[in-house]
Amino acid sequence: MLHIINKSPLERSALDSCLRTAGGGAILLIEDAVYAATRGHAAAARIEEALARFAVYALTPDLAARGVADRLIDGVTPVDYGGFVELVAEHPASHSWL
Amino acid sequence: MLHIINKSPLERSALDSCLRTAGGGAILLIEDAVYAATRGHAAAARIEEALARFAVYALTPDLAARGVADRLIDGVTPVDYGGFVELVAEHPASHSWL
Amino acid sequence: MKFGILVNEGPYQHQASDTAYQFCKAVLAKGWQVQRVFFYHDGVNNATKLTEPPQDDRNIVQRWSRLAEEHDIDLVVCVAAALRRGIREDNLAPGFRISGLGQLVESGIQADRLVVFGD
Amino acid sequence: MKFGILVNEGPYQHQASDTAYQFCKAVLAKGWQVQRVFFYHDGVNNATKLTEPPQDDRNIVQRWSRLAEEHDIDLVVCVAAALRRGIREDNLAPGFRISGLGQLVESGIQADRLVVFGD
Amino acid sequence: MSNVKKFVFVNRKAPYGTIYALEALEVVLITAAFDQDVSLVFMDDGVYQLKRGQQTQAIENKNFSPVYRALEGYDVEKLYVEREALAARALTEDDLLVPVTVLSSAELGALIDSQDVVLSF
Amino acid sequence: MSNVKKFVFVNRKAPYGTIYALEALEVVLITAAFDQDVSLVFMDDGVYQLKRGQQTQAIENKNFSPVYRALEGYDVEKLYVEREALAARALTEDDLLVPVTVLSSAELGALIDSQDVVLSF
């Protein structure tokens, strides 16, 4: 399963709900969720722990728009929209945690 | 100041942000925020603590719509829309924590 | 006492417009005044006369129009937000008018209280 | 590979419609197919031809219309959600059509992947 | 049967504050009408959708909670509720409108993983 | 001066994910044009609105962050940022586009308390 998260981890519970529920697969952070994967962010530790169970990706266009593309934490793979499409194709289903 | 909160405390950060920032005044819980003032809810302890600093109110029509009007915690005052208007009138300003 | 109201979300998707409407009714029931209701962000979508909700549901747009008519309330839609979202004179419901953000600031200055409803 | 897309929020207020659009462009760039884009909830507001965003901003509605024209993509607006929010044949932008929720279920069945964009 | 897919609807939002719960139900009914394999998951604030005793007269909104009771008539019988979500809200199965299967977060995650189409509103 | 009120704009949301930050700025500019006493508060994710280096070409959205730099020209000079919000996001004043006053959560709360009109988007 590809888990797509688009909410800031300090504003909404979406990331926490995903991490509590899902056993594994891939997580793609898009829109306001990309902040979770920035160095030193209060949610970054959760992402670092999640790397043991999930492959984690973050959408570069959204990182760049928010001025945090240079802060991506180690282990998280940046992808563009083409990479987003490939991730959806590679997984049998996707779950958008709205 | 009258602090108006309309977000579920387990979905969004609005209540926590209000409690972290505001020194006192009144808090009115409306819409999905009314769940915070129900007995046994994971956020109820935060409301109980807040009662030391704030007068806390919850909107009865929203409690009733959600089927939790009979679970209001002690110390929180139920108000209807008329009471909402009076609270706004009694305080020099209101702050909607959207 | 005069109340200014700001509505930041459209009809149905969020409860904001419903709560704002009930608040206005309660203001009027107390004999107080609704100085203006200003619709901003997706709130401008409350002003389209083209909505046709199911028979067994409330008609949010018509409720605002009726309130405006019965109590002579000024319903103002922000022009910039409206253009972005496709609200124009053509599809404007009765009782609404389109104007600038200055009308919101004016509410903040002239009303005794400004209350914000949104998401 | 065929992708079905679901858009649950209107233009401008949330990024959902922007991201869905970029996703569709990337699907097409790979030579894959966008089987259908279904607009539900406030997503139906993407279909109004009356929007007029500022000159220096993107025109979200026109972008969808152009994508539909250039790549023969089926843009479907949910009729029940549209009636609730004032989207009708009268104000429908080119390339969009109004139909039932069955079209979304069909996407779920016929497309290889269904991707949801919302708030 | 090649045209039957497993659809799961993940409900995570409270009713009335937003329309997602109501409009999700409309999709559920149509999906059932297409003879698909339909499951509903209620987690986070979504469990409140099933709370008994909703009275919406005062907010002048439509009480749509009886529709959950009618789901059985559309052969929608797989309703799963997150145990942790109930506990965090001091709810028990007795508080719910309809019979449900209560699962742990991890069990729900595994169930969602086994589906073909995940719709979340 | 009886027609001058103290307006505070409380910005708590990140840019681009939603339009609130952009449309809030439009209200700020108009309020300044009405010669009101304008303050801006950035707390929670709102501090991200002021982050340097926003590059929006790839999302094809308008980069409105330069507007914060232009606020001074409209006599909007009171920008307050929450210290705790910066810390939780590993941001410092050097990361911000414009000079600001950094306050603690409690100080910000007191500042908001002293205002006549609170607008939060």
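Each chain carries a letter (A, B, C, D, E and F) given by its place in the written order, and its residues are counted from 1.
Note that a contact is a pair of C-beta atoms (placed from the backbone, for glycine too) under 8 Å apart; a residue touches a chain by one contact, two chains touch by 3 or more.
What you see is a predicted model, and the numbers here were worked out from it, not measured in a lab.
The chains that touch chain A as well as chain B are E, F.
The chain with its Cα centre farthest from the Cα centre of chain B is D. Between A-D and B-E, more contacting C-beta pairs join the chains of B-E. The greatest centre-to-centre gap from chain C, using C-alpha centroids, is found for A. Chain centres here are Cα averages; for chain B and chain D they lie 38 Å apart. Chain B and chain F have Cα centroids separated by 26 Å.
Chain C and chain E have CA centres that are 33 Å apart. In chain B, the positions touching at least two other chains are 6, 10-11, 13, 31-32, 61, 80, 93-94, 96, 98. Along chain D, residues 8, 12-13, 15, 19, 22, 41, 57, 80, 114, 116, 118-119 each make contact with two or more other chains. With touch defined as above, residues shared between interfaces to two or more other chains in chain E number as follows: 12, 16-20, 44, 59, 61, 116-118, 120-121.
Interface note: chains touch in the pairs A-B, A-D, A-E, A-F, B-C, B-E, B-F, C-D, C-E, C-F, D-E, D-F. On chain C, the positions that touch chain B within their shared complex are 1, 3, 8, 15-16, 19, 22-23, 25-27, 29-30, 32, 112-119.
Chain C meets chain D in the complex at residues 10-13, 41-42, 45, 48-54, 57, 61, 80, 83-88, 90-91. Contact residues of chain E toward chain B in the complex are 12-18, 44-45, 48, 51-59, 61, 63, 65, 88-90. Taken together, the chain A residues at the contact with chain E in this complex read 1, 13, 17, 20-23, 25, 92-98.
Interface of chain B with chain C (complex): residues 4, 6, 30-32, 61, 80-82, 84-86, 88-89, 93-94, 96, 98.
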